[in-house]
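You will see chain A twice below: alongside chain B first, and alongside chain C after that.
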Partner chain A sequence: MSEDSATLDAVLVDQSQGNFAYPEDYELDAGRGLGPETLNYISEVKGEDQWIRDFRHRALEIFERKPMPTHWASAELDEIKFQEIRYYLAKGRRPTRSWDEVPEDVKRTFERLGIPERERGFLAGVEAQFDSEAAYSNIKEEFDKLGVIFVNSSEGLREHPEIFRKWFGKVIPSGDNKFAALNSAVFSGGSFIYVPPGVKVKHPLQAYFRINAEQFGQFERTLIIVDEGAEVMYMEGCTAPKFETATLHSAVVELVAMPHAKIQYITVQNWSSNVFNLVTKRGLAHEGAEIRWIDCNIGSRLTMKYPGVIMKGRKARGEVISIALANTGQHQDTGAKMIHAADETTSNIVSKSISIGEGRATYRGQVHIPKHLKGCKNNTECDALLINSHSRTDTYPAITVRGNRHATQHEASVSQVSEEQIFYMRQRGLSEAAAMSLSVNGFVNDLVREFPMEYSVELKRLIDLEMEGSVG
Partner chain B sequence: MTMPAVLDPDSLVIRSLPECRAAAEERFNLASWPTRNDQEWRFADLRRNSVDGFAASAVLSTGRQGPWDAVEILDLDTALLRHGERFGPAIEESLGSLGAARHLAWGLKSENFRGECWVIGEDQRLDVPLQLDVRAAGPGHAAWLSLVLVRRGASAVIWEHLSSAVGDAVYLVNGTVVVVEEGAEVKLVGSQELSASSKLVNCVHVIPGANAKVRDVRVNLGAEWVRQEVSASLGAKGADCELFGLSLAGAGEEIDQRTLQAHVSGGIHSNLLYKNALFADARSIFSGLIRVDSGAHQTDAFQSCRNLLLSEEAEANAMPGLEINADQVRCSHGSTCGQIDPEEVFYLRARGIPEAAARHLVTLGFANEIIGRIGNDSVEERLSARVEARLLALRDQKV
Partner chain C sequence: MLFSFGMDCLEIKDLTVAIHGQRILDGLSLVVPKGEVHAIMGPNGSGKSTLAKVLAGHQDYEVVSGQVLMDGQDLLAMEVDERSRAGFFLAFQYPYEIPGVSNANFLREAVRARLGSGEEIDAVSFYKRLYGLMDELGIDRKFTGRSVNEGFSGGEKKRNEILQMAVLEPVYAVLDETDSGLDIDALRVVAEGVNRMRSPHRGFLLITHYQRLLNYIEPDFIHVLAGGKIVRTGGKELALELEETGYDWIKEGALATA
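After this line comes the complex of A and B, so read on.
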């Protein structure tokens, strides 16, 4: 009897864990739907200058004019009901300065998400985003001394227009694609970072995002400018509660690396499986600069994300390292875009995807080397792992090379977990699921190592979690 | 463009040449000319495919070499009467399905449309190549359709060569359907030396049966614009399909190739290697897709595209694609764009070979890898000589 109840206890895991839904009480709400009045409301609340208001309205016109890109992208996009989405919500107008001032229920949610308090002390600056406004932001004094600016988008545009206005919307113009236009119209939140010349930020900058209100999309806008010879690593981690109706997440992230600067941008995306995650990310690398996108997509219903680097200066370097995991009901449509626009620029793309159950992983890439350049190099590797017989994977690269002084190579392979490997591990007493999980972790291991420690640990756990129940 | 969701296979059976023309007429009206947003025409220069100004006036003549006496040659009307159920769906649906449906239909509905059907009898083994030369005298357009039926256990080498006289602006539409029965083997070579002002739409569809072997080699040595679509319908167990291509292009030329390896059921091997050597401001577009349908387990499919860029103005576009819906598959694709390896040139120069000759030798070596895959000495020898002549002509070309 007691044995039975022990088993029962073990089986009855608290199913509500992971359902981080708390009562919503938003002070500001733009209501549902999208129109010029929505933009006016956002601008009013944020007290924005006229040029930002004009920028938003121009973007809205572009958004309305542009058709859905369904001639190449998933038809699922047509299921997004733009008029049912809430475009702006904020807990408070200004981000809270100290941890003590952060509302109790927000703290509790972060607790659930497992952001250790100690980590915050360790990590240099924590920009914790709750819904569309930064709920918590704290930058250490030493950063002020170094002249590093780490603020949210409204503050960045309001307080430091001399720095941010020059590049805002320049790497990704509003007309780039329909969703970049949408973001440009309704953006709020996100991080604006400026690192002065020669400053090498030792600790990674980090921001956690989450969505909490039903049918409410996040449209954060991030702009990172790293001046000559400076270096920074930025980490973006996403996790969201479960909802029943689709939500939309459409961010724009612009990176500017001035000559010889280095930027690493790390993302772990784990939205709940009803979120449309349609993100435009692009970096501009000047002479000798390096931009690395390290991207991991585990969650969401449909992710469309192709981080890009425009290598504008001689010897600039771009890299995309990407891991995608697609479970049943998910489509990870990810890739990379490398635009070589100067001599001796090099780019590297390594993409690994895992499809589980009926999940679908797609790699879509573009490499472009125009004429009259010399010494450009690109290397692309895409590997896909299929776990079940209904898993699906696609690869659609496009490579354009002009001129005879370049070298590009592209390789892709599709495989499954080898039965011999599984057999070997089962011989040594591992269950089939454990063996499978180990094998999958091995497949992405060399990429996972590119992530900072705490992320790679988190990633391995997430992969284990996703693999649960996928075999047997 | 609207198409019925499910096509009735019986409705695709063609029993005569007039039926074939009527089907083409209907397809022509349903399909549309390519537009900028057409993924099937991505990277293509859309000014080039236009059929405007080409009247049905080109004159086709044919010449033969090899053991044609041993082959049953049928006119298209008879061939469709006897084998309409095998060729009909391929003509109506598969040819042109990678984007050039309207161009193909435009050719097949034309009054200037000719063709033949060849049946290689059961267990008949023809080692000497069957060679057919199709010459077009322009200007204007013409269409040629070849239907090949290789009976059970038979084997043959077939070489179709297209050409047009220098200065003649010909728009040629050329279709080939190859049906290979169980255990049979066919090597098909399709080469063209069209004039520098000619255009070619070439669509090839191969259907290998169980344990059948098909090797298709496309060799492009001419034409101002080529749109080539090669598809393989792989649904019979133990089939083996190899697709090779070589294109040598020069000033003002565009080679646009689209391929499909459709693995409908499992246990089938396919391999593809397309190579392009590009001189002056030549452009190449390669878009290949390996599609593994759900349930097609134990598939082995490979695809590779190699571009050699020999001038600063040359441009290569590669879109090697995979769509995998099954597991227990081994699939890979690769694509490279590069230049002549300076080390190879250095090696030859160290042995007293002048630079220009060294570069020519390296390029010839690059091209001959494909010619060497044909697997028939007589065809290889003759094509290799043409490849060399073409390379020499392209070498000194200026933009």
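After this line comes the complex of A and C, so read on.
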């Protein structure tokens, strides 16, 4: 086993999952800690232009200046040790860990989740590259014909600067929040997609079609631009738990829907309990355009994620559908941000959270409709399910609606899986865990249907697994 | 009853049950052999549903003393779901709602819970059987897709309990006031459903307030529960008598025999 592959292994695989020890080799990555030299190193490796180097450095300054948002967010944020994090790993390294070395319980989890055979190796860190070359090359050919660009963000920057630069950092400026600034300073990996006018992409684009070691990085940056009347669906993540030692994941995703375009962005992520997942996602919808975020977050020590849509053109539509599941030791702080900036814009938020054991779920919503607009609509529903009395759930809906020419609706509920309900199900022969997971699946059922088939099946199994672990 | 009936019965021996320290059942004994239908009648609050739930294993009730044997197995030592899988069924007086879980899905999970590891349900034959039973019980097939009991009328819930019983084919079934809230036609349909399931390999315990049900499902024995125990046992004519006399006689009678 070469030293560089071992380094990557150490990063991708949680060492607590087995007794592995890996040598660390600082020459092959940016090392630990954050400073201007970290940024220079990344730009050097990627051969970046001056403008992007400047962009990174400006962002770093913002990051350093901005305080932690602990005045409203969880104080747990103070526990992130920024100087102990590795911000970049040189790409192209292949891990040589073999399947036999993957811990049994990890294999079992894949099995239980029904993760396709061909994806397991990649997810377990056995393969750096998801083996989908054949599938991807067919799609690539089709894309070339249609003029669709689907590359990683570095390639996007390099090969398509004219489109990339116009929108990059425009929907989410570096100064948006501390973690968006951090991402802007050290980003690597993520996707760049451009769909030309009128093109309706038939297949959902999946992040792992062209994944490499960098793609699942901690600081992905994704930019999707869908031109007039075009449509695309993008999927990222998977239900398999990610085995990694990296404790900070901070991505930025920017979507641009030109007039009458449609974008659906689907995320399913299952983090281990040591991960801080602090993600900024926002879309800009022009006239008559539609942006939908469908988001499922499971696990993590702390997730902060509030996908948003700025409805900039008349009759634009924004939607956030989210499921959050927090088990003991986990905190899901999620929600949505809907900024109405034109007449007759419509937004819809449906959020469901599940708190198990000591798990904590928080909903934060922001709906903004200024006074000068007319005919705007918002619907917000947030439902929380508590699995036992220690769980905690908070809702902070902030709906600022000025003027009276709008229609808004807000509903919130908190429910418990009642002991009587479980008793009833057990009387029919279901184990306590099976009864729990059936109830929980029932709670999120209508949202799970919004996910593509293979994801919804995996989601169901994942909930089963979580319930099994949480019941005596 | 001081002797044991052995394998082929549900045998309740000297059962005393309390809730929040208050005794509800007080040395109740009753034997339901396979192949027989027994009915329990008794005043409101006498403990009929308590008996049913204790048999099912509800955690709120404290078994102070006594024993329950199902085909010789110690029922009270088993988990709630184990009892079910071993063949005990309770049609609830007030069935619970399970939001978001479809009837078909729930039944499939219940059937799956009875399979050995590696065994899978054959979806086609499962649905065929389910639809057949629904037709017999006059339940619209659309109910497969509706959440369990959610928004069901009182009568629909009761019918749904019988559907679950028919699908799960228990060895011993306790029906807690399944007749209450049923209209006349539904009562007949449900009774026919129960009668179809009568067999030498199955025992029933019907809890009811009305003689009417017993016209359709003829019991082998009728018991009167009062003061925490069975105070009278008789044939089906006892129901007619109770209809006449009500339960006033218990006040003196039960005290006299206590």
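One rule holds for everything that comes next: the second predicted complex is superposed on the first by the 372 of 472 C-alpha atoms of A that agree within 3 Å, B and C clash if a C-alpha of one lies under 4 Å from a C-alpha of the other, contacts with A are read in each partner's own complex, and residues count from 1 in each chain.
To be clear about the criterion, a residue touches a chain if its C-beta (ideal position, glycine included) is under 8 Å from a C-beta of that chain, and two chains touch if they have at least 3 such contacts.
Values in this document were obtained by computation on a predicted structure and should not be read as measured data.
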Partner chain in contact with A:83 - chain B first, chain C second, else both or neither: neither
In the superposition, chain B vs chain C on chain A residues touched: B
Contacts of A:50 with chain B and chain C, given as first, second, both or neither: neither
Chain B versus chain C as contact partner of A:429, first or second or both or neither: second
First, second, both or neither for A:386, with chain B first and chain C second: first
Which of chain B and chain C A:405 touches, first, second, both or neither: first
Residue ranges of chain C touching chain A (in the complex, touch as defined): 56-59, 79-81, 83-85, 89-90, 92, 95-101, 105-106, 109-110, 113-114, 147, 164, 168
In the complex, chain B residues that touch chain A: 37-39, 42-43, 294-295, 297, 307, 309-340
Complex contacts: residues of chain A adjacent to chain B: 71-72, 371-372, 384, 386-416
Chain A residues touching chain C - in the complex, by the definition given at the top: 418-421, 423-432, 434-435, 438-439, 441-446
